[in-house]
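Each of the next two complexes has chain A plus one more chain, namely chain B in the first and chain C in the second.
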Partner chain A sequence: MSIRVDAIRKRFGDFVALDDIEIDVATGQLAAILGPSGCGKTTLLRIIAGLETPDAGRVFLLGREATELPVQKRRVGFVFQHYALFRHMTVFDNVAFGLTVRPRRERPARAAIRAKVEELLGLVQLDWAAARRPAQLSGGQRQRIALARALAVEPEVLLLDEPFGALDTQVRQELRRWLRRLHDALHFTSLFVTHDQQEALEVADAVIVMRRGRIEQRGTPAEVYDRPATGFVHRFVGSSNELAAERRGGALLVGPLPPIASSGPDGRFSIVVRPQDLGLSRGGGGWPGRVVAVRAIGALVHVEVQLEGAGPDPVVAEFSRERFRHEGYAVGDAVFVTPARFGVYPPEELS
Partner chain B sequence: MTDVANRPAAPPRRPRGLARGALIAAALLYLGGFLILPFAVVFTQALARGFSPFVDALADPAAVAAIRLTLTVAAIAVPLNLVFGVAAAWAVAKFEFRGKSALLTLIDLPFAVSPVISGLIYVLVFGAHGWFGPWLAAHGVRIVFAVPGIVLATVFVTFPFVARELVPLMQSQGRDEEETALSLGATGWQAFWRVTLPNIRVGLLYGVLLCNARAMGEFGAVSVISGHIRGLTNTMPLHVEILYNEYNPTAAFAVASLLALLALGTLLARAALESHAPELRHASRQAPAQTATRTGAVA
Partner chain C sequence: MSTTARSLPFPTRRPRRVLPGFGLTLGYTLLYLSLVVLVPLTATLVKTAELGWGEFWTVVGAPRTRAALALSFSAAALAALINGVAGFVVAWVLTRYEFPGRRLIDALVDLPFALPTAVAGIALTALYAPHGWLGRLLAPLGVTIAYTRAGVVVALIFVGLPFVVRTVQPVLEELDREVEQAAATLGAARARIVARIVLPSVWPALLTGFALAFARGIGEYGSVIFIAGNMPMVSEIAPLLIVTRLEQYEYPAATAIAIVMLSISFFVLLGINALQGWSQRRLGPGGA
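For the complex of A and B:
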């Protein structure tokens, strides 16, 4: 295991930021910590880096205990959301920094530093920018410099705090695919923090979902998406519809809509169902409703249906354009909705 | 902006122009009457009887002693407050700790207290009848009515300048760059010299400049604690007062003109710094507002 965190706890005053956290990231993996803001994910990353001390628990890096090690000795690269480039230095000096602060005995020769920096700038495709100042570069370029700077000291573990959070969508997508390729080419172990579930699902080998200082689920992106362990994960990862329901004697009731069979205790519940798991038909069984909006862009079509007598918000069904062309729903059509796969959770699990 | 001004359907254009003219005129008159005129008077009075009385007044042994003392005091007070200011701003801007807002309020205390009180505090603490007075007298240490007292009072009065200049600047810069430096293997000392200090360089210079101007110009606190011993404990501002009270306006204004030149030099240096670092202008304008909110929150 490259990164192991054991029973970590951290409080800030009365606020419990991390409550008994355990994670493992295997060598060579690219793992993501996913969660809404305030869930403790950045604090966890900073504890792993040594920028924050835990109240209890232990941190292991490459199998060695690092809990007491100062940040300088942990051999981690840390990349900040807002790049944190040294604003008064050129791009070259930024990347060279980690090598030039070494004690004289360990410091590479000037020519060796130059060669290393040029190699890294080539790797992040910014060799032309060596003499520039950070302020003269775009956000995406700055983040690539920050990455090159972190890689210059050959860290064993790379930690990234919302690395693409400050960039616009297109740059973000390009950069995360680029990071994935870089990761595969250089074989380091990376852990990044994000609140963007798409980012986590698209890039990571393993996803750790956090909420309120606790881990809700860990697994591959497919596991987390297809078999959410909790209602929170179901709703937070991927898109979904949420309906308030009541279970009475093995039947789930959503308002006045026809009941669906469901075993379990009686009480109030929330149904979470993904748009692609909502079946849509013109006749037959299911929940009656009316089409209120159709969005046909790209390969998938979204149809919004207002269910009769249930909730203020319409539900969204998603299916292929092929099928849409065949069945041709339009605003105002009367339709029936059938949830094919869904999760039933206590309401408090979702908030 | 230009589009709006050029739009044909803008009827109140003339009155607005009138109001603008009136406001500018009022501001200029005010500045002229209260700032520029007195400034000009200092120089004309100093040179009223020609150049040689001016030179004589400055070459007078008492004047030379006053100038030397002022320079000495500034040479001690400014470096002290430079170090203290950086340390305090560093602590406030980069760390969370109990009593942080109290520290911020305390930094502003010398601005809130009348300088005369600041001087009196030291007289009460170190004077002949003060808390430590008898002990100090027994050990032959003179603070009140001596140079050490003047230095202490000046340090007290001028200590907010550097800290207040740096706190908002360092707060806006955050901790990320230092933390990055540490994660790259730098020691805390290296992070300070290679990352923090270059980032605050311009703000620091500016703070030192203001601190120095005040240290040389301070009157109230120094007046209380110095004892006005001519040639020994007279600083330039005190010397100006003595000369003036002795009906020697030419000499008084001659020494005063040196202080006025110092002010002018400070302003010019400030303008030069600001043109080099636009972000400083921003930070120094924000400073009072931020501090006010913080003080308010504490109260």
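For the complex of A and C:
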């Protein structure tokens, strides 16, 4: 195990930031910690890097205990959301920094440093920018420099804190795919923190979902998406519709709508169902409703349906363009809605 | 569309200023500067002109004048240099650590600004005199501060400290801690981070603080004359010499020394300014 965190606890005053956290990231993996802001994900990453001290628990890097090791000795690469470049230095000096601050005995020769920096700048496709200063580069370019700087010291693990959080959508997408390719080419172990589920699902081998200082679920992106362990994960990962319901004697009731069969204890619950799992039909069974909006979003079409007598918000059903053209719903149509796959959770699991 | 656009002359419109009032504020600035700075300086120059070149050089070139000027500038430079180091440390402690009494120390820093300089001078003299609290401790070591050149430097350190602290402190507060953390993850030890990351970032502010403390030191009078002993050729500062000349009704001679002090100060400060501009540019846009 490349990164192992054992029973980590951390509190800031009365606020419990991390409550008994355990994670394992296997060598060569690219793992993502996913969660809303304030869930403790960044604190956890900073504890692994040694930038923060845990109140209890232990950190292992490459199987060796690192809990007491100072930041300088942990050999972790850390990439900050806002780049944290040295703005008074050129791009070249930024990347070379980790090598030039080594004690004289361990410091590579000047020519070796130059070669290493040039290689890294080539790798991040910014060899032309060596003499520039960070302020002269765009956000995406700066983050690539920050990455090259972190890689210069040949870290054993790479930690990235919302690395693409400050960039616009297009650059984010480009950069995260590029990071994935880089990761595959260089075989380091990486752990990155994000609040963007799309980013986590697209890039990571393993996803750890956090909420309020605890881990909700860990697994591959497919597991987390297809088999959410809790209502929170179901709602947070991917988009979803949420309906308040009541279960009585094996029947789920959403307001006055026709009941659907569901086994389990009686009580109040929340139904979470993804837009693509919501079926529409013009006749037959299901919940009756009326189409209130149709929105074409790229290759997909969202049909919003107001269910009769249930909740103020319409539910969203998702179609491919092809299927939508075939079915051809329009605003005002009377339709029936059937949830094909859904989750039933206690309401408090969602908040 | 593009064909018709090509035939049209490129439109030119005088850009409107977003912030109005340039004329008014510039006029006010020039008037104010003239009244407060330029007119008195011109008067000094006119008064000096009552001396011929020959007399001017006799006054300025006199050994006593040269010694006083040398002492004033070297003591001010040395004091500003010491304040540069000490002021940085004080600002560092005040911005980086939480400790009981931090507020109090923060307020104490401003005291030399507020205290009448004569009071400071008398207090320092009492402390460093051979029988004072500190002078008594230093005497066995063969160190005398009061009534020597060292006394001049001590007084100038006292009055100059707040300039450095107050210019460096806000910049240190603004520094992005993540940049230092980034350096730490790259293996840089604390001292190296200060030397290679923190110092270059506060350097322009430190230079400003140095320049202010230096300028203040050159002109300082009240606190120095009590502790210096004012022996001609040894511990007499140039401002005191000017006052002496004034008391002897030798106004042109007094202004002649003043003109020399002004010229030297002007060029030194100009040089520091240039250095500061250069280091500021090195920090890049948005630099501290």
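By definition in this document, the second predicted complex is superposed on the first by the 350 of 351 C-alpha atoms of A that agree within 3 Å, B and C clash if a C-alpha of one lies under 4 Å from a C-alpha of the other, contacts with A are read in each partner's own complex, and residues count from 1 in each chain.
To be clear about the criterion, a contact is a pair of C-beta atoms (placed from the backbone, for glycine too) under 8 Å apart; a residue touches a chain by one contact, two chains touch by 3 or more.
On a predicted model such as this, the values are computed, not experimentally measured, just so you know.
With the two structures aligned on chain A, chain B clashes with chain C. By the touch criterion stated above, A:Ala49 is placed in contact with chain B and with chain C alike. When both complexes are overlaid on chain A, the residue A:Arg149 reaches chain B and chain C alike.
In the superposition on chain A, A:Pro339 makes contact with neither chain B nor chain C. By the touch criterion defined above, A:Phe86 reaches both chain B and chain C.
Applying the stated contact rule after C-alpha superposition, one finds that A:Arg133 touches chain C and leaves chain B untouched. After overlaying the two complexes on the shared chain, residue contacts for A:Gly231 are found with neither chain B nor chain C. Once the two complexes are laid over each other on the shared chain, residue contacts for A:Gln72 go to chain B and to chain C alike.
Where the contact sets of chain A with chain B and with chain C meet, they give residues 49-51, 71-72, 74, 76-78, 80, 82, 84-88, 97-98, 101-102, 146, 149-150, 152-153. Taken together, the chain B residues at the contact with chain A in this complex read 176-177, 179-187, 190, 194-195, 198-199, 201. Residues of chain C that touch chain A in their complex: 176, 178-179, 181-189, 192, 196-197, 200-201, 282-287.
Of all the residues in chain A, the ones that touch chain B in their complex are 49-51, 70-72, 74, 76-78, 80, 82, 84-89, 97-98, 101-102, 146, 149-150, 152-153.
Interface residues of chain A, counted against chain C in their complex, comprise 49-51, 71-74, 76-78, 80, 82, 84-88, 97-98, 101-102, 133-136, 146, 149-150, 152-153.
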